[in-house]
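Starting off with a structure, shown below.
Here the chain labels run A, B, C, D, E and F in written order, and each chain numbers its own residues starting at 1.
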Amino acid sequence: MLEFLNRFIEQLQKPVLAFLIAGMLISAFNSKFRIPEAIYQFAVFMLLMKIGLKGGIAIREANIFEIFLPALFCVLIGIGIVLLGAVTLAKLPGIKKDDAFATCGLFGAVSGSTLAVAMLTMEEKDIFFEGWVPALYPFMDIPALITAIILANIYLAKQKYSKKADVSIADIIKDCLKGGALTTLLIGVALGIFTKPESVYENFFDPLFSGFLSILMLTLGIEAYKRLAELKKVAGWYVAYAFSAPLVHGLIGFGLGYIAHWLVELSPGGVIMMAVIAASNSDISGPPTIRAGIPSANPSAYIGTSTGIGTIVVIALYLPVFFALGEVIFDL
Amino acid sequence: MKFYKIKKLTVITEAAILDNVLELATELGADSYTIDRVSGKGEKGVRFGMDSDISGMLTNVRIEIITHEELAKKIAVEVEANFFQNYAGIVYLQDVEVIQARKFNIKE
Amino acid sequence: MKFYKIKKLTVITEAAILDNVLELATELGADSYTIDRVSGKGEKGVRFGMDSDISGMLTNVRIEIITHEELAKKIAVEVEANFFQNYAGIVYLQDVEVIQARKFNIKE
Amino acid sequence: MKFYKIKKLTVITEAAILDNVLELATELGADSYTIDRVSGKGEKGVRFGMDSDISGMLTNVRIEIITHEELAKKIAVEVEANFFQNYAGIVYLQDVEVIQARKFNIKE
Amino acid sequence: MLEFLNRFIEQLQKPVLAFLIAGMLISAFNSKFRIPEAIYQFAVFMLLMKIGLKGGIAIREANIFEIFLPALFCVLIGIGIVLLGAVTLAKLPGIKKDDAFATCGLFGAVSGSTLAVAMLTMEEKDIFFEGWVPALYPFMDIPALITAIILANIYLAKQKYSKKADVSIADIIKDCLKGGALTTLLIGVALGIFTKPESVYENFFDPLFSGFLSILMLTLGIEAYKRLAELKKVAGWYVAYAFSAPLVHGLIGFGLGYIAHWLVELSPGGVIMMAVIAASNSDISGPPTIRAGIPSANPSAYIGTSTGIGTIVVIALYLPVFFALGEVIFDL
Amino acid sequence: MLEFLNRFIEQLQKPVLAFLIAGMLISAFNSKFRIPEAIYQFAVFMLLMKIGLKGGIAIREANIFEIFLPALFCVLIGIGIVLLGAVTLAKLPGIKKDDAFATCGLFGAVSGSTLAVAMLTMEEKDIFFEGWVPALYPFMDIPALITAIILANIYLAKQKYSKKADVSIADIIKDCLKGGALTTLLIGVALGIFTKPESVYENFFDPLFSGFLSILMLTLGIEAYKRLAELKKVAGWYVAYAFSAPLVHGLIGFGLGYIAHWLVELSPGGVIMMAVIAASNSDISGPPTIRAGIPSANPSAYIGTSTGIGTIVVIALYLPVFFALGEVIFDL
């Protein structure tokens, strides 16, 4: 337990987290400092490209069977998180059902930047993980968003006076894949599988990774603080959800990852990564899909909960927890 | 040279629904338009545009369509009815005078 | 659907005083607006906006406020009086027609 | 304070000829203007502005010139005649009311 | 011949080409992914600066005489390509003469990104080339654009009712040099000749080169696909030209390069580079000059042909051909 | 003396200076070349972050006492420069008092890019300096701006018909710190002190430093040339001030630095750096503060003098002087 605490504190001193906090302070003190839009879009591109390329290169050398089970688990977790939210958050007093479904959708979906922080931490700590695990991201992201949109539309269809929006699963999937984030990831994966991008990966995407991650953390911090303010307008239950849900989701991810460890020899690093994917919540790619799919839901509620609290909480609190857990359990 | 009176319709709304608004306008019969990104504040809060808006959810677009009064009004009404329940947005009309009669389908 | 006549006030001025102009407008009673960055040329020289303006001193902003004639005129006069001695800027009014009566505080 | 009626001329055209249009307007007597970059669609196709336009050939600019009716109309006619055979573009006039009489050469 | 084919196929697997294809797919699937404008402008800057600096440093150490002949050949090729087009493409049925001249002008002009791909390939394959060869770029680019504009204006002046535009060669040259691309290249060359930029070259422009080239390839791919659509509106002959002309031009370049190899000992790498300069067609800097110089020409025709097909065809098909040819002929 | 001249000339050949001159030429020849806004903003961020991080890391290991005296000297120099200007420039015929105060404020304030050039030069020459010295920047910057604004407002308050603006020192300080430049520097310092950013510093901010500095120099050159034109509209005394004042200020900085060398063992590199901080004039962060604080002053006068001449003169002329002086005095 002391061991666990030590590792936890050590994690808190990482510069990545410090950049996140710095971003929040910048915003709190109302500074005019901003990372130009083109630069953080580029930072997002660099991170997702690195995740994708590394994933693709790893898939090229992996056998499909070992990937299949974790991928399936991701789909199940994505759907499960939203259903879990539907019977908890959505049932709470004063919570609009469509707002709740939208929020759960984002928490089932995945944050590329959170994965990037986890990857950097693994690389620094020299913990091996299968490069393709972070690239499983869409397998959890898309099912979660679809489930949320379907639940919301079933609910709204039952309401009086509401026009039934026609929800086509194919359309939602297309919409997700066409978004900038997933497109970048998929390009990376495809290039990793079908070409030999090792040299550009090693000379460009990999060495610049930690720098651009810091820059994205600054931006996320600024954004998070701004979104916090909006949360005040909505029910306090969202705050409770943002703090508790990621831990539950992460533990589910850890548990299923552990099963994969036994069944298909998923590495300890891979198990921790499963926990992180499950715990993380979408901050960049998810919101527009939800906005389009559940237009009646209040963005202040779901973006405030997800970008304003969820991302920060996962990176600052639960990432250290899952690493500490993995290190203790697997004796790393 | 003659100047013809015609209308300019402006829609300011969330960038997220730009494609949907354009689709609606096109269906109703407008096939030319000008677009730019703007920031703003309204009932639905501050929408600060390009300024660290990582999910692109707070960006506004301004769509301008120069066309005949009737069509301009029809698009205005339909856009308002279809989108502004759920999305931030305003719509307004202005008088303009043009000279390119053919381009704006004006009978000379 | 009915269209209501109302005014649009436009202020084009130095980005440096954007916050001050908005503060003044808000104090006078305008709480909604649309903003974008523009370049321009006027009495106070060329203000080329985003194009290599390292200290950000040459960027213009355009602020548009749709509101009732009386308030629009009051803001126009006050902005002119308070800022345009020292800062580059122009201000003008235009007629617009809107349908969202409630949003623009129009008694139907 | 008095508000004076005057005109605003808007030209939307290809960024490639921005300098030429401004030169023409200056020659005709307009020495102040406001510019921004816009996207759009018209007869000459979709012009998507800043969005991955590597040779910068698809960017539009919007030029606004506030001036007296006569000059505004003259510039409108000349711009149309000189450029819009070969280049994408529209031009239109609007009424505006200003207070800075001296700036816009209005005799009080 | 088998040797030739092998080398050709190997070339096709390079990641640079894969990024180009990825860009086309992104556009084909209508994804919202975009490289921010500021970033690809910066990518262009990085590539041209590297070409310029390397050229300048090489010129500093070269003797003027060995440069003179290849430079002269470049001028001849630039003019020759347009004249060749004037008696082929421009004579075809259904082809507007001014559109044809505009198109040939772009194919006589040069693409910085194509040169960058060739340079990267040489560096990867360890083929030596004189650093100043790619910097000869303006010697082909400007004469080609001037010739095209003059031909078009002579033609238009003969038409009834057309106002004779006054074409000043000095103005066209000034216009070319004032464009962002050639300015960047020339700054680079000047800095290379007159200062000692080796450290910033080695620590910044050179190591980031391959990364930014990938990014530019993505953008070129996206752009190319969009421009393809426009081509449908114009005559099919443009497609034929885009496929055949670069091969012919490249072989002319190779031939004259080979003569320079005998006369002034231009290296094998330099000969291949001459072929690439000649084969490449302008995608970034040329179009605005043509638009201004031949305003009546239809941009869909010449940009579609050049950016939509030409660039892709040269990078994907003919670069491997010229490399294979060089390797076989010079026994590299 | 010959020694001094030699070192001076050597300095002139540095590529950083060449980029500055290239920028001026680009602007002089009216080229359309531009560094995108997002990129130079990012370049500024990279430089200030490097200065800040290096400063923070150094402060972490320094003792407060050795920092205190140089920091105090910085405050004194900042105030002193403005007072000096008030009894010289402001007394000259044809000079508007508020324009003069505004100009002196900028010359008392500091330029991050000039510091960056000095740091790069030190690193190239292997001259040791305490990493926290450049981070003293705000200690001179803020007092200078405050003094200028106060003097101007006292003067304007005495004028007839002028409304007394209320000048709150706290507000000016807040305004300075909220600006993008100082915020970046302070984040860097804080991260350097409280976290362990060594790895991201060494892998990202440090290696990219010289490249982004070149890019900023290009931009500064373009900007300077444009601003020069505006200077023609104002009195010639400004030009004289821009040439002479930085030398005087730098020598004051050198002198006080030398005292710190004896009293608290400030290194020779630190002494040179004190001279550079004092000599440098604000080009990015100062102007907006002055514009807000002395609205009646004519920006053409103070920006023309500072960005148009001052920065160029300091980097091109006086930096070599201070280095040569330091090298001769300290026998480096």
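The rule is short, and it goes like this: contacts are C-beta pairs under 8 Å (C-beta built on N, C-alpha and C of every residue); 3 or more make two chains touch, one makes a residue touch a chain.
Everything numeric in this text was worked out from a predicted model, so none of it was measured.
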For chain F, the least number of touch steps when starting out from chain D: 2
Required minimum of steps from chain B to chain E, each step between chains that touch: 2
Set of chains adjacent to chain B and to chain D: C
Fitted rotation between chain E and its twin chain F in degrees, CA, nearest 5: 120
Chain of greatest Cα-centre distance to chain A: D
Self-contact between copies chain B and chain C, residue sets same or different by half: different
A-E or C-F - the one linked by more C-beta pairs in contact: A-E
Maximum centroid distance from chain C, chain identifier (CA atoms): E
Centroid spacing, where centroids are CA-atom means, of chain A and chain B in whole angstrom: 35
Separation of chain A from chain C, taking each centre as the mean of its C-alpha atoms, in whole Å: 40
Geometric centre distance via CA averages, chain D-chain C, whole Å: 19
Shared-contact residues (touching 2 or more other chains) in chain B: 36, 94-95
Multi-partner residues of chain E (each touching 2 or more other chains): 34-39, 208
Every chain pair meeting the contact rule: A-B, A-E, A-F, B-C, B-D, C-D, C-F, D-E, E-F
Residues on chain A engaged by chain B in the complex (per definition of touch): 34-35, 37, 40, 44, 219-220, 222-223, 230, 283-288, 291-292, 295-296, 299-300, 303, 307
Contact footprint of chain F on chain A as seen in their complex: 13-15, 18-19, 22, 25-26, 29-39, 124, 207-208, 210-212, 214, 218
Chain E to chain F touching residues, read off their complex: 36-39, 41-42, 45, 177-180, 183-184, 187, 190-191, 194-197, 199-200, 203-205, 208
Chain B residues within the chain C interface of the complex: 12, 36-43, 49, 60, 62, 73, 76-77, 80, 84, 90-95
Chain A partner contacts - residues on chain B that touch it in the complex: 14, 16-17, 45, 50-57, 85-87
